[in-house]
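Next up: the structures, one after another.
Common to both upcoming complexes is chain A, partnered first by chain B, then by chain C.
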Partner chain A sequence: MAGLTAARRRLRPTAWSEAWVAGAFVTPAALVILLIVAYPLVRALWLSVHDVVLTRPGEAPFVALANYARELASPDFWAAVQRSLVFTVVSTAIELVLGIALAVLMDQPLRLRWLLRSLVILPWALPTIVNALMWRWIDNAEYGALNALLTQTGLIGSYQQWLSNPSTAMWMVIVADAWKMTPLVAILVLAALQGINREQIEAARVDGAGVVSTFRYVVLPLLTPTLLIVLVLRTMEAFKVFDIIWIMTNGGPANETQSIAIYAYQTAYRAYDFGRGSALGYLIALAIMLLAAVYLRVLGRVGRS
Partner chain B sequence: MSSTSVGRLGKGRLGALATAATILVAACGGGATPSAGPVTLNALFMKQAAYSEENVTEMAKAFETTNPNVKVNLEFVAYDALHDKIVTDQAGGAGTYDAVLLDAIWPAEFAKAKLVRDITDKIPAEYKNDVFASALAGGEYQGKFYAVPWINDTKFLFYNKKMLADAGFSAPPTTWDELLVQAKAIKDKGLVEFPIVWSWNQAEAAICDWTQLAAVMGGPDFVDASGKAQFTGGGALAALEWMKKTLGDGLTNPASTGFLEEDVRNTFSAGSAAFALNWTYMYNLANDPEQSKVAGQVGVAASPGMGSVATSGVNGGMGIAVTANSKHPDEALAFALWMASKPMQDKFAQLSLPMWKSSFQDENITNTAPELFRAANTQFTNLVMRPVVPYYTPLSGALQVALQEALTGKKAPAQALADVAAKLPDLQK
Partner chain C sequence: MGPTARRRLRRLLRATVLYGCMLVAFVAILAPFAWLLISSVARPVDLLAKPLSFIPSEISFDRYAALTIGANPDSAAEGFRAAMLNSLTIATAVTGIALVVGVPAAYAFARLRFPGRSRLVLIFMATYMLPPIALVIPLYQIMSGLDLLDTTMALIIIYSSFVTPFVIWIMRGYIEGISPELDDAARVDGCSRLGALIRVILPVSAPGLVSTGLLSFLLAWDEFFYALVMTQTNAAKTVPVALNDFIGRHGIDFGLLAAGGVIAAIPPVLIAFVFQRYLVAGLTAGGVKG
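So, the complex of A and B:
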């Protein structure tokens, strides 16, 4: 017995060599992260506190927080923030409501439930660019399917310019985004629904609660942790929205759909002011971190209760 | 080289090699091409319809044949990417490209930022004498030349001959008032719902249309010499208010505020418009039966005038510039001059109008598209530039938003332009 333990001791690596092996495995990944994440972050921070305009090469004076101050004082910046907030709140609300409804539907013992679940995944599986292009064609003023459908069913009188009319452009972008992301919400909520103990629902029914009351007072509270996670994911994603708006309307018409990310990109590349662009990037990141902090607080409280 | 191999060569052979090398260098030196070895040029061009990638490649190959020690690598990008690619390449320090294609609105910005070279003294006399002054202006800034003019282009008036004939008009309009009368008649006869289509999207295309209109409605000077805004009044404001009125009167297709040049071409080619302003390239495509329903009915004329101004045209030309960081500036310039030379331009005259005045007198060339050449001959002598200022890109961006706000009814035209004027000092930084 003692001989076996001694042999095992010789074969078992010491703590030191274990650390070296672990380090060797981690190093490549750490280097990649350093290069791809850390360096750009630091460089962007450096750019944001200097006055860097690409068409004035060679000059990069240190300006401390002047870029940040300039942006925070700019009405264009706050207008873009407001648009991003509108997009975030409305699209997330639509996705939550429709997602929960879809999830409840998919939870029912239907004959073709498998078909429904497969079809629901499809919008989410589309690449964002493809989704944006598809909706751009659907909303097209001259040949769009939306115009054709609405005029042929008599809902509108003539073809509308959905994407070039300032009052409808933002709505069309929200619809396109909600159509794509609702399946994600639905799937997450479905998973949560299936984890709910059926006995609780039956108990409520036995006590005389109707379908709506059961849902409101029994199911919804049990779904809250999942809903909060979905809320966090969707708001953080929606606040940073860029590609779907860029493809569909390019930030127009008359900057009506210019989200904060598009505003940052256009500042950096229209005037080649990389200092201001980087400052904007950091401001957006700070806003999202703030949102995340708030959510974690609320989630923590919900988790404890 | 190790000492062993030198020893093996022997002093005699080494001496012969050295002599041969010296003769080679001496033979190549003292001329326009100082380098003894092959030179590779990297040129950046734009993806477009006229002078397609095949055409440009053909021209470059012809250059390589006559200059055997030079090889040209061509790269094509979309127009939107062209500006950014040049700036990031030169200002970022990479210096990949030797020759780049410039839009007429960029020489001021690039010259100030020292991204392209001053080639005023190197342009041969025949270019300065025989090329349309408007084409030369496209590469000029403060009296110096920064680009060899290559494409001269402006927006012509395209009209549907059949629709005009059906409405009782035998000739295209020569003034904008006449055009509105013809458009209204066409609309009243039910031939087409919205007779005029434009490219008024939030893009440079809208500024082009606006400049062309402003030039006949009071003057296209948007910014004066001291940098003060002139676009809040005069021709600029009049043109914007005119544009808005045509929308309100139902003569301009309301979808125009979301259209670019390709959308204008598609709408016109589908027979959904009687009048359109567009670049030269549309002429061939609108007359191509495979791409257009109105092939054979397409007429082209010089852009209408107003009052005492007979016609106008926005300078949409492009030139080839030699980059500041280029290691082979002489070869790059030779390449640019070759591409712009009269033989090359005449060879491809059917695709893009030549910029040589003598080509317009040559019947062999003008007979390929007599209507187009006639319109161009008139308009090319009346081209106007958009503001030749180094801060043109941000200025244009702000003006594009203002045009959209006015045309979509978000703000009154005067208010929209005044708001940009208030921002002007900020944009000029």
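So, the complex of A and C:
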């Protein structure tokens, strides 16, 4: 061992040679990532300060921040932001609460626990598009299984237009999203639970703490880092949601499920307004980066304490 | 009632509640998917009946045959077959590229000290978080300029840009978990850094590579937004786009939609069940170490 340490000391490369090796190792990835991302980012910035509408080819006058100003003054933009926020907060909250509950359940010494643990990966593995199609079909107004189930058991009187009723559409999308993503939260939380030292829990129980207070004061604090990371990933994903809504409702009815990403897509590809579409893309990216920065700071603080 | 009886009652109550919750979890997980499966094999008469009978009177696998191996495919089946092939090509190529360029970078971030390291990691992660909507318009113009619109190549290039940071993120966590003594020993034996990476780190991190590769494949298989914008014909449409087309063209044939959905779900669901252990390890490595 001593020989190895000595050899390692002799090996300790100069900072320069290590930097060269690192450069060689990182460059291919940097090329792939940065070329495909950096140039479009610059180009999008250019587009966002010009008036570029595809139906008027050849003209692209510089308009400074007019595209941004127009969006920030538009009620449609803020309505879409609000819908994205509702989707993000509600779906993330449901996924966290149910995910923790499911993880705790899978952590109990129960028969068939192995089966639940392996089946739980199914919703997560289902492609987003298939999940959305499945729920679109379940929620169908005329032939859907949900309507059939609820009327045939007498819970509702008549078939409901779940996805074309403005007051229920968003909730149905949230249910579909929660069905797919709750298992991921449960899998991550279960892994964290299994990493907790059982003796700590035993000690709390011996000291007379009940199940609930043991969970609240012993387990939950130990889960905090995992939960925070799950929270970060889920909110950022949810805020840019497009696929599941696009397949289930196309942003309808009456724009009631039009998230900010769908609003931007429709601005860019229905109105062919690439200038405004790019400005919207930048605004969304900025919001997400801001969110990431706040989270990084919070995570850093938790990690240190 | 004595204390023993009370304890037994309590244990019984606890078991009832827990198994009750478990039953709810099983039903919640399985019922929607079971209905998708049933819909894909039930006759239209049964699917459109009111009141609906959840157990179909007879089942047939005609739709699966029509979409996959049936002779004389109609335009829907033809499109779906082409899309399966495109999706497989794209997801495989993207996984390969992302692993080849991502793993050395992950090694560098985990093991080597060089100026700007932590900043570069942050930049890479930030690109992964960028919403596609912010990049799609310029990418569309670039692909159009390069004459790559509606090709699988365009999607391979674009997907590589967000799967690579994902690979770096997870593999960095894996490699950091491997004892540095191992590569030092290899280097004492005269290996270069690249040699240490190939001969020591790669074999030791094989489970990590498998899970990262599988997760990368799933990411590419699942992608919808870029594919929706960049593809027009069977030459490049992927499975998610083909399924999206089904809604428009076969809005009423729910059974066909369900069958298409099940087929599209087979590769990822198979991967998930067969490699569950690896996947969970990969997810937690990426999710927890960040």
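Brief remarks follow.
One rule holds for everything that comes next: the second predicted complex is superposed on the first by the 272 of 305 C-alpha atoms of A that agree within 3 Å, B and C clash if a C-alpha of one lies under 4 Å from a C-alpha of the other, contacts with A are read in each partner's own complex, and residues count from 1 in each chain.
Note that a residue touches a chain if its C-beta (ideal position, glycine included) is under 8 Å from a C-beta of that chain, and two chains touch if they have at least 3 such contacts.
From a predicted model like this one, the values you see are computed outputs, not experimental measurements.
Following the overlay on chain A, a side-by-side fit with no clash is recorded for the pair chain B and chain C.
Of the two partner chains placed by the overlay, only chain B lies in contact with A:Arg56; chain C stays clear of it.
In the superposition on chain A, contact is made by A:Pro253 with chain B only, not with chain C.
When the two structures are aligned on the shared chain, A:Ala69 is found in touch with neither chain B nor chain C. Residue contacts after overlaying the shared chain place A:Ser164 against chain B, while chain C stays out of touching range. Contacts of A:Ala141 after superposition on the shared chain: chain B is touched, whereas chain C is not. Of the two partner chains placed by superposition, A:Ala203 touches none, neither chain B nor chain C.
Between chain B and chain C, C contacts the larger number of chain A residues.
By the touch criterion defined above, A:Ala271 lies against chain B but remains apart from chain C after alignment on the C-alpha atoms of chain A. When the two structures are aligned on the shared chain, A:Val86 is found in touch with neither chain B nor chain C.
No C-alpha atom of chain B lies closer than 6 Å to one of chain C in the superposed arrangement. Of the residues of chain A, those at positions 269 touch chain B in one of the two structures and chain C in the other. Taken in their complex, chain A has these residues touching chain B: 54-57, 141-142, 161, 163-166, 250-255, 266, 269-272.
Considering their complex, residues 84, 87-88, 91-93, 109, 112-115, 201-203, 254-255, 257-258, 263, 267, 272, 390, 393-394, 397, 401, 404-405, 408, 410, 427 of chain B touch chain A. Chain contact summary for the complex, chain A toward chain C: residues 4, 7-8, 11, 15, 18-19, 21-26, 28-34, 36-37, 39-41, 43-44, 47, 101-102, 105, 108, 110, 112-113, 115-116, 118-130, 133-138, 140, 143, 145, 148, 151-152, 179, 183-184, 187-188, 191-192, 225-226, 229-230, 233, 236, 240, 242-243, 246-247, 261, 264-265, 268-269, 274, 277-278, 280-282, 284-285, 288-289, 292, 299.
Per the touch definition, chain C reaches chain A in the complex via residues 18-19, 21-22, 25-26, 28-30, 32-33, 35-36, 39, 47-48, 50-52, 54, 97, 100-102, 104-105, 107-109, 112-115, 117, 120, 123-124, 126-127, 129-139, 141-142, 157-158, 160-161, 164-165, 168, 181, 184-185, 187-188, 193-194, 218, 221-222, 224-225, 228-229, 239-240, 243-244, 247, 254, 257-258, 261-262, 264-265, 268-269, 271-273, 276, 279-280, 283-284, 287-288, 290.
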